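Here the chain labels run A, B, C, D, E and F in written order, and each chain numbers its own residues starting at 1.
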Amino acid sequence: MNDELTHFNEQGRAHMVDVTDKRPTERTAVAYGRIVMQPETLSRIQAGTMAKGDVLGVAQVAGIMGAKRTSDLIPMCHPLPLTKVDIRFEAVPEQNAIDIYGTAKVTGVTGVEMEALTAVSVAALTIYDMCKAIDKGMEIQTVCLLEKLGGKSGHYKRDGGNQL
Amino acid sequence: MNDELTHFNEQGRAHMVDVTDKRPTERTAVAYGRIVMQPETLSRIQAGTMAKGDVLGVAQVAGIMGAKRTSDLIPMCHPLPLTKVDIRFEAVPEQNAIDIYGTAKVTGVTGVEMEALTAVSVAALTIYDMCKAIDKGMEIQTVCLLEKLGGKSGHYKRDGGNQL
Amino acid sequence: MNDELTHFNEQGRAHMVDVTDKRPTERTAVAYGRIVMQPETLSRIQAGTMAKGDVLGVAQVAGIMGAKRTSDLIPMCHPLPLTKVDIRFEAVPEQNAIDIYGTAKVTGVTGVEMEALTAVSVAALTIYDMCKAIDKGMEIQTVCLLEKLGGKSGHYKRDGGNQL
Amino acid sequence: MNDELTHFNEQGRAHMVDVTDKRPTERTAVAYGRIVMQPETLSRIQAGTMAKGDVLGVAQVAGIMGAKRTSDLIPMCHPLPLTKVDIRFEAVPEQNAIDIYGTAKVTGVTGVEMEALTAVSVAALTIYDMCKAIDKGMEIQTVCLLEKLGGKSGHYKRDGGNQL
Amino acid sequence: MNDELTHFNEQGRAHMVDVTDKRPTERTAVAYGRIVMQPETLSRIQAGTMAKGDVLGVAQVAGIMGAKRTSDLIPMCHPLPLTKVDIRFEAVPEQNAIDIYGTAKVTGVTGVEMEALTAVSVAALTIYDMCKAIDKGMEIQTVCLLEKLGGKSGHYKRDGGNQL
Amino acid sequence: MNDELTHFNEQGRAHMVDVTDKRPTERTAVAYGRIVMQPETLSRIQAGTMAKGDVLGVAQVAGIMGAKRTSDLIPMCHPLPLTKVDIRFEAVPEQNAIDIYGTAKVTGVTGVEMEALTAVSVAALTIYDMCKAIDKGMEIQTVCLLEKLGGKSGHYKRDGGNQL
């Protein structure tokens, strides 16, 4: 018997944390991300004249479906029966940007931060995909958790969230 | 800040409805569909002599597995821990058809109509796939909800279900 | 050694047909389906006032993504590197219906009939999902292959396609 | 109406067993498997010098993610909100083997035997994949259930588990 | 800049090997596995009287669909457009076993060993799932590669394959 | 026939662009992203003492597997037989950050920008997941395309890539 590998396992190998004994509670998470682009790209998204179609409509569907795939994508995430996912876009022309807000809710034993963050990331990637023919330089910026409610660690609210 | 996109979001963008506050109850749905074909195709399915194998056996497995993929396929569907899925086939030789009945059950906060309908649709598509080499003209007809039990909207039973 | 099971396998078990020796050619398939509903439901879809959002926009995305999942859903389908998927909706108010046309293309060794049919089916199921709160009686009708180009079996065109 | 197909359905077609009326309880399962290889292969895995990287680290992630896909892979498995998955490796140099232990837990209405067995199988397949360039003769041996707690059938413990 | 992590990456992190410059060739792999059970379990599988249905029919579909998910399950596997997957079962009553043979083919730049092995593993797990209510002690044994054709490393044939 | 919906389709609905007539060529894309955290978080990642295990090892596997799911996540992406995916991490202690570089390659008819960007995004989300118990304020920054080779639009190299 080789102790090294066994021991290494206890030291450093990944595992999906045991949450069997946690009581299901209502949990909410809100994540944020921004995608910055050329002014012309933003104008065309707003005018609905991108060749690939209604960019934000497609990004919204992609983000919501992406949130449902979170535990398939993030190795140590627990599968969760999400009870709500929503995405809201805000155009910020003075920053040549679209702000993306993703919300996820569940009544469960672990939080939904990853689901909210995945919704925002997949929505942003979809915007990139649908506009990349005219603007390869777009950047996804500041993907982060804005707020989290419920669970043992309680209420989390990002500092300076107002400036976002 | 551009109000248009935000406002558009409130107007028309898709969202996954918040069901966090709903109480889990037992829910059942039964869906129906028919696939119509050449008499020869039906005979060979019944005789088990299609080249691709036991058509209805494969369609049954595909429909059940499809029901489990419903929330991956239908964008605004909530993921649900299904507690039962079943499919029943009835050959209707005088109509050159196979009738498909799909049942899904869950104890949860939303209904399982989509799971039952997806089970029927995937089973029908699988029958098409396995017979298309000899009969490209098959038609999937009248996929619909037969009955639904449980949840806020209560009991639904399709009118004229007897004639189906 | 038990011959029965082995023999049964040769008789009737499913298999994924060997297409290794087929030459890749360009292939296209067009499928059709209709979803029939209450006149009020159709009006609200067209007016964009359904509570769950832009119904046909979501159905379009779902159908296209569904086509890409075809080989995950239909057991004996070969995985294919689709080169095009499109869906077109036509409202038919005199029939209280929306007609759905799905097109798939590939350069490959098997046809894309199943991909086109899956696109139509998933789009129709999505319309059902997004309108079921107001109209549980909707029916998906006449899902079928309209046309197919390429491959050994050549050109297929459904009889009476004009009347659809 | 053809009784044969209906009847065949009651006789022999697969179905996903109805567990709607079962009460959720805590359930645990532990599965085991062994992969046997050339001594040189085991040495290189332990030394971390396989060309494809940290073999057991990747196998651990793959096994955990595989456990979450169980109901996608095994047709009649119910989807379950797993609350824990873990994998432990033990090198057994005198047998030229790595032993794999997979644990799954859930609070639910069906057991997690299949999730534990799938975790072990996918981890073993991943080890094979990452070492096959130097050792195509590796064998996956004795994949089995070691222990199971919770549920109607109660505690199961494999005979002779000590010898494993 | 921290060299340690970068360097660690070159040392030990996993990567998906670059096969861009390899020429597509026809490749075949055959894998084997055995599942051992109580004599009564085998009799009931052969008689088709298991409560969950036609065990081997379902296992066949599951194994074929599992082969198509190989690159989703095995982290460093390349996605491949499989051109054939087949599974063959042989009952071996004197060993209380069912032997499973899985074949996969592709015209591509990497081999299909993992696809054949995954087909066998998922088929075996499905047999376990469908019989576990009466026989929790079943064992999956000797999952291995029997033969491989095509590709740079040429023909591989397992020693003593005849005895399997 | 209602022209509005048809016309709307031509105007604005999403579609998966037809690439049937494009010639397969070798294509490469490199994407970048940074995740910023508390100094203590970075130290623990580098020291390998995070409770959930080897953070970057897991993130690497997740990013590579995520790249293979790109066409499942991004609605209008074509499925592609990726021939290489790699991820490289660089700790940047003076910025309290880990830089992530993702590379994807294919011989195909569309580019792999989305695959490289998805690899980076999923790797970054995984780092967030594995460290969020101690640092909820981590930010994913500047996810963008660094370079792209092959295809009709030719070589793209981000301006000021050196400063990244």
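Note that a contact is a pair of C-beta atoms (placed from the backbone, for glycine too) under 8 Å apart; a residue touches a chain by one contact, two chains touch by 3 or more.
Being a predicted model, the structure only gives us computed values, none of them experimental.
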item: Any chain in contact with chain A as well as chain D; value: B, F
item: Most distant chain from chain D by Cα centroid; value: C
item: Pair of chains joined by more contacts [C-beta pairs], A-F or C-F; value: A-F
item: Longest centre-to-centre distance from chain B, chain (CA-based); value: F
item: Euclidean distance of C-alpha centroids - chain B vs chain E, Å; value: 30
item: Centroid spacing, where centroids are CA-atom means, of chain D and chain E in whole angstrom; value: 14
item: For chain E, residues contacting two or more additional chains; value: 13-15, 17, 54, 57-58, 60-62, 65, 69, 72, 75-76, 79-81
item: Pairs of chains satisfying the touch condition; value: A-B, A-C, A-D, A-F, B-C, B-D, B-E, C-E, C-F, D-E, D-F, E-F
item: Residues of chain D defined as touching chain B within the complex; value: 1-2, 4-6, 8-9, 13-20, 22, 71-72, 75-76, 78-81, 108-109
item: Contact footprint of chain D on chain F as seen in their complex; value: 53-54, 57-58, 60-62, 65
item: Chain A residues within the chain B interface of the complex; value: 26, 46, 56-57, 60-61, 64-65, 68-69, 79-93, 98, 105-107
item: Residues of chain A touching chain F in the complex; value: 11-15, 17, 33, 48, 52-54, 57-58, 61-62, 65-66, 69, 72-77, 113-114, 117-118, 121-122, 124-126, 128-130, 132, 136-145, 148, 156, 158-159
